[in-house]
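Going in written order, the chains are labelled A, B, C and D, and every chain counts its residues from 1.
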Amino acid sequence: MSIRVGIVGIAGYGGGEVLRYIAQHPEFELVYAAGESTAGSRVGDRYPGVPDDIGNLIIDKFDPRAINNVDVLFASLPTGASREPLAEVGNSVKIIDIGGDHRYVDGWTYGLADVWPEQMKGKTRIANPGCYPAATLTALAPLLTNKLIEPANIIVDAKTGVSGAGRGGGDSKFTYAECNEDLAAYGLLKHVHMPEIAATIDLLSGGTSGQAAAGLVFTPHLIPMTRGILATIYARGTATTDQCLAAAREFYKGRKFVRVTDKSPHTKWASGSNLAFVSYACDPARNLVIALCAIDNLGKGAAGQAIQNANLICGLDEAAGLGCTSLWP
Amino acid sequence: MSIRVGIVGIAGYGGGEVLRYIAQHPEFELVYAAGESTAGSRVGDRYPGVPDDIGNLIIDKFDPRAINNVDVLFASLPTGASREPLAEVGNSVKIIDIGGDHRYVDGWTYGLADVWPEQMKGKTRIANPGCYPAATLTALAPLLTNKLIEPANIIVDAKTGVSGAGRGGGDSKFTYAECNEDLAAYGLLKHVHMPEIAATIDLLSGGTSGQAAAGLVFTPHLIPMTRGILATIYARGTATTDQCLAAAREFYKGRKFVRVTDKSPHTKWASGSNLAFVSYACDPARNLVIALCAIDNLGKGAAGQAIQNANLICGLDEAAGLGCTSLWP
Amino acid sequence: MSIRVGIVGIAGYGGGEVLRYIAQHPEFELVYAAGESTAGSRVGDRYPGVPDDIGNLIIDKFDPRAINNVDVLFASLPTGASREPLAEVGNSVKIIDIGGDHRYVDGWTYGLADVWPEQMKGKTRIANPGCYPAATLTALAPLLTNKLIEPANIIVDAKTGVSGAGRGGGDSKFTYAECNEDLAAYGLLKHVHMPEIAATIDLLSGGTSGQAAAGLVFTPHLIPMTRGILATIYARGTATTDQCLAAAREFYKGRKFVRVTDKSPHTKWASGSNLAFVSYACDPARNLVIALCAIDNLGKGAAGQAIQNANLICGLDEAAGLGCTSLWP
Amino acid sequence: MSIRVGIVGIAGYGGGEVLRYIAQHPEFELVYAAGESTAGSRVGDRYPGVPDDIGNLIIDKFDPRAINNVDVLFASLPTGASREPLAEVGNSVKIIDIGGDHRYVDGWTYGLADVWPEQMKGKTRIANPGCYPAATLTALAPLLTNKLIEPANIIVDAKTGVSGAGRGGGDSKFTYAECNEDLAAYGLLKHVHMPEIAATIDLLSGGTSGQAAAGLVFTPHLIPMTRGILATIYARGTATTDQCLAAAREFYKGRKFVRVTDKSPHTKWASGSNLAFVSYACDPARNLVIALCAIDNLGKGAAGQAIQNANLICGLDEAAGLGCTSLWP
């Protein structure tokens, strides 16, 4: 018998990517979709590529108390908009919150699926990591747990495709004409993703709370591409490149979605998939470890990881429905 | 003594490109800038590239009766928004309306600067051609005046960059994430530029009013690029490629901004300039003439042609301020 | 027991997309991969996204007589390079030739899988349609078989992403710097895909051989995007839009990969999938039928259709391994 | 009387951009153009946008001893290819070497035109800075000269558009299909531009030779855009944002091409121009100074700076021919 799933925020890019994975999932059946502006229309009006059995579902306004026929709910709502309604969802409904409202919140498990998959077991409330944290922490976890870098002196220079900004909400700065042939840093010294990165660094390094935050530098950049995140991370340590690669290969042994590579990873390697590619380049003479991670911001950075988490809490193969490779070119 | 110019609609793409040309114009001095959302701010806040003498100008709300110190006004307002206010501008102010409200309107000259430059002389009200018509008519004019094609049987398959849609006004369909890696036709059988194309075809071919419109087909497409228009035009006629090229070379002899080329023209050849590249490929056995024209939609398709028209009505060299080449790559 | 498949031309874009579909196919197992420049390296060196069971396969030089353990061979070789080697492949090996050498060649079936799927049954030699013909003919088939348009008076204005040019072979005209922000027509009046389009039009319309070719106009354009083809087709006929849509819905009833849509189709709707979206816009007063078809040039235009054909000749569900939706955005 | 100039390497992107600036320069007249693959053809065949007086010039093979009628020679040759031929050019010919062979070479002045313009006076051999160093050093110069940061502990995370790779030379990794929707770091820990950055840091900070190099980290990234470089630089210091901005405003007072801005700079602000935009964001509590600089890699990063240097050594206004603003959008 299939598992009945729902999506709240179906019209956004995160919700749409969850839909794509559900459409090819062997166990998940979409029985519920909710949206604001699209309520009342067919799922297929928004997503012409889905087959009719999915496309004919009518999008509802989200009513958290009326979804008791749903086994797993994927919520992809703007920051600040999910805390109240999700609190009203019944306990029988498992929730994966792709939005940012429940990360490091009591009662919710931070869903870093490749780093601590066993922590998902038996849980019903998963806070899916942000896109930047997913890339950053996947690269750092092996280094931190092996104490190969200083946890309180980390600089993250991150680059994201424009879909990371969501559907744009009428801001001309995300239009094609203005994003194409442009590149800039934004949110200097104050990005909303910093706390979850710092908190996780502390957990992984065994540091006291707040230790990483004191030194963490995080600079996001908007890149003229639709999908993809690359995190280029500068840390202090005297490990060699080979030591870092070996530590990561050991750390991610048996994990299906993290690939440790000698070569500098490309975001295109991950495009359309739940994959993460990590690599390292070190110069012990400079006390330098460069860690790199490339993902699809809508895959490992959002919907792919959400499906993986749903698989884990449902006791399925973590890879169910997630396909096995990316698009090229 | 310099000519004092103003721009209404300074924050839009058309207004911004007029600003760029004015900034390098030897005779035009920007003394007035008006906008809606940007009123009260500095021109330089919107356009960080301009030097301070221009950048420090404060943007006004447009008041048509308070601009008597302006010699030439460039208006780049949304369709429907310019007819009333421009009617209130005093006669001493010359106007170039880049918007669509005054094309083929009594008292206004349709500013096809390369086709009938002498018609601008002494005029004070110029309706600048639309971007698609600029490309289409530049390719067709030599054929129509030489009766090399049937005027009532013309198919225009046109392609534009996204800046042609203006600054986007909050529609997610113009965001980078959705335009990139996408392509579609739009406005099938009913684009707002059809009447001015048809009216000009009738004028150039000596046809009766409405003759061209009966058979004209115009299909615009949105292309994932910021600037550029290519018009691919299918017409009926038995001229050879060489005859069409020769007719165009003769027609545009001495014109600085139209280049007739043997090769299939690229929009990049015109990027950042007022240039138009036209070419032809014919198959008399199929009764077929293909006419091609590549322009920058913000150059020859809007601001470049507007400056050229302003030069013509002011008695200046038509090329003043327009530079002499395009960007590559 | 799984079906053993091989890919010749593994390093090209067509071969790579076949690989992607095979990687998610429930019945096909990749046992053989051949390439020129990549021979001797691992499949995973070229495609970092594939899992190790596929990635560890070593790429061979193609030896047509040494592949008898292969049940189905996908050949994606440059035009002119496949006729001789494929003639040496044993009869026990089924072949799908994605390249252009066997279209309308004796002994090979032209693999228009959505139009005449029943013709694949029992066949062992399939000539996969070209990317432009796939888009063009999918839109035209319902009109031609229902005699809604004149078969000898068809203009195809087609637009393709740059992956359609293959991996580029060192020509700077396909570099990012020169393709981005550019658009041009090419191959005017002489594209290599015209004969198969004309031959198929004659077949579908019941015309005599050569009838369509006499009037066919085909103009391809290079668009700054990686994937996607849109065919905008101008034909003569007095059918209404509704009649054309109804004819197409009837024609493609039960076909999983062709979607008939009221809206103007976007290439992004098909991106990463084997889907084709067709629509029509008619103006009987102008004796005009506009037919539109959007596909992924590497999906329905190459590898997707190839897998579909392989499924058909192997007696599998035609949709096996092809997923069920496209990427958005 | 005009100054006679020549370009060697006319077909490359750097050479082409020099040509564009020369075409609009009030004093420079192009009398000589040389190239390898294009020798024998017209300049206009390669650059359809230039007017005929320039376009009709025939491209020569470069013969360094046959150019005595040239006053200023712009050389834009591949690294390693300019040292020998340029040594044979007569002393009466001033040379601006845009390539990398003469940076910090005896007898050549490193042409950081906005930082030490007075050093160009009377010189005849200028080594134009590399594109990455131009961006990096423009941001760092005010900090280093004012001792606001530690010179031996600088991390440069730099991002460039694809034109920075030159015309591509047949490598599929620079094709549109592979660069679009992709992003990666390259040249980790060993980029060829590091020595000139380190040497200049030592000069500006008054450090001993080699001091900066010991700690310098430089990571370039390839971005899917044609033009533009952003350098995001992480340094150690306790200055505030306001102090850094004030230092830069003082340092660049009166310089026409460097704009100090409160906002995070966008590469598009500089597109098609010789402008550089610098900004700073500091967190004294983290001992952190972030310096940012956005340029057009073909403008300030190559041809724009080359023209500026040529102006300086010829005693002209440094801004001659360089226009006054950038393209938007």
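By definition in this document, contacts are C-beta pairs under 8 Å (C-beta built on N, C-alpha and C of every residue); 3 or more make two chains touch, one makes a residue touch a chain.
Worth saying up front: this structure is predicted, and the values here are computed from it rather than measured.
Across the two interfaces under comparison, B-C and A-B, the one joined by more C-beta contacts turns out to be B-C. Distance from subunit D peaks, on a Cα-centroid basis, for C. Each chain gets a centre from the mean of its Cα atoms; for subunit A and subunit B, those two points are 45 Å apart.
Averaged C-alpha coordinates put the centre of subunit B at 34 Å from the centre of subunit D.
A straight line joining the Cα centres of subunit B and subunit C is 38 Å long.
Of all residues in subunit B, those that touch two or more other chains are 13, 161, 163, 177-178, 180-181, 224-227, 265-266, 329. Listing the residues of subunit A that touch subunit D in their complex gives 155, 157, 159, 161, 177-178, 180-186, 188-189, 214-215, 217, 219, 221, 223-228, 230, 232, 234, 264-268, 271, 281, 283, 286, 288, 290, 292, 294, 329.
Here subunit A touches subunit B in the complex through residues 13, 161-163, 165, 167-172, 174-181, 224-226, going by the rule given at the top. For subunit B in complex with subunit D, the residues that touch the partner chain are 13, 16-17, 19-20, 23-24, 47-51, 54, 163, 180-181, 226-227, 256, 259, 261, 263, 265-266, 269-270, 272-273, 275, 277, 323-329.
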